[in-house]
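Beneath this line is the structure, given in structure tokens, with notes to follow.
For clarity, chains are labelled A, B, C, D, E and F in written order, and residue numbers in each chain start from 1.
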Amino acid sequence: MITATATALDAGLILANVLSPKVLFFFLGAIAVFLNADLEIPAPLPKLFSLYLLMAVGFRGGMALAKDGFGGQVIPTITVSVLMAAVIPLICFCILRLRFDVFNAAAISATYGSISAVTFIAAESFLQAQNISYDGFMVAPLALMESPAIIVGLVLVRLGSRQARPGSDGTGMNWGKVLHESMLNGYVYLIAGSLVIGFISSVYSPAGVEKMEPFVYKFFYGVLCFFLLDMGIVAAQRFKDLKKAGAFLVFFAILMPMFNALIGGLLARALGLGYGNALLFIILCSSASYIAVPTAMRMTVPEANPRYYISSALGLTFPFNHTIGIPLYMGLVYKLIPSAA
Amino acid sequence: MITATATALDAGLILANVLSPKVLFFFLGAIAVFLNADLEIPAPLPKLFSLYLLMAVGFRGGMALAKDGFGGQVIPTITVSVLMAAVIPLICFCILRLRFDVFNAAAISATYGSISAVTFIAAESFLQAQNISYDGFMVAPLALMESPAIIVGLVLVRLGSRQARPGSDGTGMNWGKVLHESMLNGYVYLIAGSLVIGFISSVYSPAGVEKMEPFVYKFFYGVLCFFLLDMGIVAAQRFKDLKKAGAFLVFFAILMPMFNALIGGLLARALGLGYGNALLFIILCSSASYIAVPTAMRMTVPEANPRYYISSALGLTFPFNHTIGIPLYMGLVYKLIPSAA
Amino acid sequence: MITATATALDAGLILANVLSPKVLFFFLGAIAVFLNADLEIPAPLPKLFSLYLLMAVGFRGGMALAKDGFGGQVIPTITVSVLMAAVIPLICFCILRLRFDVFNAAAISATYGSISAVTFIAAESFLQAQNISYDGFMVAPLALMESPAIIVGLVLVRLGSRQARPGSDGTGMNWGKVLHESMLNGYVYLIAGSLVIGFISSVYSPAGVEKMEPFVYKFFYGVLCFFLLDMGIVAAQRFKDLKKAGAFLVFFAILMPMFNALIGGLLARALGLGYGNALLFIILCSSASYIAVPTAMRMTVPEANPRYYISSALGLTFPFNHTIGIPLYMGLVYKLIPSAA
Amino acid sequence: MKRLDLIVSERELDSVIEALDKAGAPGYSVIRPVTGRGPDTYVTEGMDFSGLGANAHVIVFCEIEVLDKLRVTINPILNYYGGVAYVAEASPL
Amino acid sequence: MKRLDLIVSERELDSVIEALDKAGAPGYSVIRPVTGRGPDTYVTEGMDFSGLGANAHVIVFCEIEVLDKLRVTINPILNYYGGVAYVAEASPL
Amino acid sequence: MKRLDLIVSERELDSVIEALDKAGAPGYSVIRPVTGRGPDTYVTEGMDFSGLGANAHVIVFCEIEVLDKLRVTINPILNYYGGVAYVAEASPL
């Protein structure tokens, strides 16, 4: 269905996206792994880039929110995003239980319920390159969609695993710890905090915001390219892993995002979002987390194999969305959203 | 007395300062510690930020010095700064001896005699946001005030500790090593060197300076925010430490900077400094070192407990100055300095 | 002969170069080592800077190539560069064999056949400061000159060492591995890849390139200064090493680049290059590698002492070219190249 | 004296250190990041950006009594989350 | 159980890990960068920027049989490229 | 052969290495930064930005004679500045 929309228009969008510096640097990293080139971005440089990107994207979102206010679609869109973070894992779980045990199915489901901040950022860049406007409040769900996905994932584990879990003697699942980890994960905290700071300082410290602007704007795209170079390396390594995980997961990691994108597109239409916001909403639905959720799953569901939930999100869904997904979903937006939106 | 100046004007200044991005990011870091959020800026990223900030602030100072020359208040102001770096430890020592042994009293005194480069930088940002001008030569004391403070601190130890010190058999105090450490500390060296480079290349290589400008200006405030995020984390950790050190040190770490600020304000008036330079001069007096001095004390007075001298400077004086101190001292400047200065 | 060109003009050029921020920061690093100052730029920060510089210089080259096309001098110049990467090691080898065994002579020769990307970048900055134009295609040899130099170096080892080499039982020289290492060295790969990305995205994604520009331009010179600060430290450490290596190598490390520069100048004239391209071509000839070649030599000719080939390239040739070399070669260009070029 | 070498995920480091403090270890040292492979996991620096982190290597020089207490608190963590703990002899210089 | 400590250049790390995998080591841990001095070399972090890298420290806890296999594969690497390998006793906590 | 593990502040690293060179150690390896806790100090990466640094872990494989010399030069440093030094057995692979 979605594939049928791959018309000439989409092909043009895909080409424009795939030949942009950000995607080309992603490929450069991935090809380095396949050619076995000695390219390495040592720790903690990738962490530097991701801290910067989250800080900047949060701050920019806060600035935009201060300018645009909370009226109109803001509250409904954020509410629906958070609901989607809880609903998508339920759908995924039903599908994944066909092949995986409760633990792995729940962990993968939580991963797909949540979002990928970098895919979101890449979609913003895509919109800018296409001269399509979007709103700053769309950043808010980046901070809000991790926790519901994690909680639903853990509820599924609790309900699904009848026998006593080995860790339930204290080292195991501890709801306080889980909630803490899901809401006070460093990255979630940073993006939420930067959003609030961007908002507050836009209102009370315009001079400070002005001095911040070159940092969060001029520099942004270059760091994104640098980070995607590293993500290319990581994704390719994970992709090798994924081959061992079998065809089912490979299909899941590509078809599930497309399915979620379709739901997202229909919801965007129902919410009355414009082109730009609609694409970003679709990305929130279709992308999968590789930050807070894997960390929480690693701690609370050690029975699940990280190879499955990390490799599917990073090794396939991430590259798919960055290359073909974003322009494809844009084509979908053009189909679904009335042009005067 | 100073507290009495906290009028409506000051309240406005405090608010404008506290709600600026730089202070909000500092809070974000500190709150992360209190909420136990998993936010971490791993080594050597904080070092990258501080190297950059010192390099940029030195270079900018050198550029300004090349433009403004050494006339007028330059030499007197620098001379008085250096004297203050020696006098303040003497005052502090008398107070601290009420509660601390010679070693700890001397080490804390040296810390307060010296300066905090980042507090200075934050005060510059504050002035820029308030559209108050200041001069580039005020950067020079950043490099010159560490050594006198260290030397006075060590003289106090030598005079105060009658019995032979355990380390005097060779591993201990060694004046050559001390002078070396105090003057060739990496950061002191970098800021002094960058100042000289900024000066020389402004005169002989304007094309080079022009290419350097985006790096030292556009990027600066964002890195400052990033660094203050980290300092918020460190300060909050140190603040926890400080509670164990007792109420005396807590009061000292807040009242001493205010007292030093007052002396600084009177001296600024006597020197005939304008608003901007007066604030920066006050910051030089009231801030405490967490770079060269602790390093030198750690090496030469290992009898002193780093918990005291580092935690008081970082856990209280630093946050106090960054939040309330800077605007409070600005209010003091408005009181003390004749408006036509 | 070259030294005779050190006229008043050259002295002016040398001064303008030596007093530019980039060279002054290099000195700052070097002086830190001689004064034993505690200045340190910990791993992996130098790697961050070099990754950035290579990525940016490659991208900029690709952009320029897209604008200018492959016509005119492009193909001949690149071809001659690659030939020089093979010819220079042969000349060096004949000279070095006077004092060194086959292994060391071959390793040093390969080092001088290849190029130093940072010297090239510094020469570009010099040209910009002098308002002399140059072409983007000159970046291509940065990626192409490492492999021929390495291969010639290894052929020399193979021909020169009659007895069976200790490593020839499998751990030793392995041509596949050698070619892989020489062509898929991380840095060579990154510069070549960024060149291709800059080229492709200039053609197909102008919006992406526009967003990339602040990153690759504004920020560039500052990072170069930062990196040269570190290189100053490293070069000074290596220079201390070099003293142990004896006078022959010291002379070689200064006279050989000057000789190669002369050949380069004559070839530049024959190729009909303009002032800017001629200087860059000379730099390609006269600079020595401290990246891909040492790595490959370390792996394939462990009999050679890294102290020789790394210390000569980094401890002398690098600082010589950065301070005196670049302006000296510019003087040579003015002598050799007809002004209407 | 004994020497204990622990290699655990950075995520479990806090619990391990808490256990060391409770068992009365006179001190400990932590090195990170550490990468590696175990029977179950393969840890690279690659996931550093994600907050998932790599491993940490904890070295503890202590009396044998401390080890007895640690066995009770640390072995369950290792069994549940993975990681290794080995003991060797060591004597002060 | 035995404990093997290997210190080799980062450039040889891949071959060493391959040898460990082939010899059936149950796991290993890698710490880097490591600097140091040996009879032949002096390694600092200074060359980090160049891709030449520093050293790596590899720790392996394994049965004695694994060591016998490693002796054959790893010692030639150490002899040719430099580096050290030492064995000590270790017992699980 | 013996294995010496030293954990000292990065600030004392230069003096320790000097002592190793003087005592005729055939080599050494240094890992840093190392964090940790001792009887007196609590060292985190937090002060990294200040130049105060963290700890370093120095590993030395050497003959027992070297240790006798080191005892004289290194123990005073450890007593004055803090840090630990432990010796264990080690044999070449």
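Note that in this section a contact is a pair of C-beta atoms (placed from the backbone, for glycine too) under 8 Å apart; a residue touches a chain by one contact, two chains touch by 3 or more.
Which chain is which protein? Per UniProt: A, B, C = Putative sodium-dependent bicarbonate transporter; D, E, F = Nitrogen regulatory protein P-II.
Predicted, not measured: the structure shown is a model, and the values here were computed from it.
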item: Identity of the chain that, by mean CA position, is farthest from subunit B; value: E
item: Chain at maximum distance from subunit C, centres defined as averaged CA atoms; value: D
item: Same vs different contact residues, subunit B with subunit C, by half of numbers used; value: different
item: Centre-of-Cα separation between subunit F and subunit C, whole angstrom; value: 39
item: Gap in Å, rounded to a whole number, between the CA centres of subunit E and subunit B; value: 45
item: Mean-CA-position distance for subunit D and subunit A (Å); value: 33
item: Per-residue overlap in subunit F, given as positions that touch at least 2 other chains; value: 31, 51, 88-89
item: Per-residue multi-chain contacts in subunit B, two or more chains; value: 38, 42-44, 47-48, 185-186, 214, 218-219, 295
item: Footprint of subunit F on subunit E - complex, ascending; value: 4-7, 31, 34-39, 55, 57, 67, 70-71, 74-75, 84-89
item: Subunit B residues within the subunit A interface of the complex; value: 15-16, 19-22, 24-25, 28, 31-32, 35-45, 48, 125, 128-130, 214, 218-223, 225-226, 229
item: Residues of subunit C touching subunit A in the complex; value: 43-44, 47-48, 51-52, 55, 59, 180-181, 184-186, 189-190, 193-194, 196-198, 200-201, 203-205, 207-209, 211-212, 214-216, 218-219, 295
item: Subunit E - residues contacting subunit C, complex; value: 9, 11, 33, 41, 44-52, 54, 76-77, 80-82
item: List of subunit B residues in touch with subunit F within their complex; value: 42-44, 46-47, 49-50, 166-167, 169-172, 185-187, 227, 230, 233-234, 237, 290-292, 294-295, 298-299, 302, 306, 310
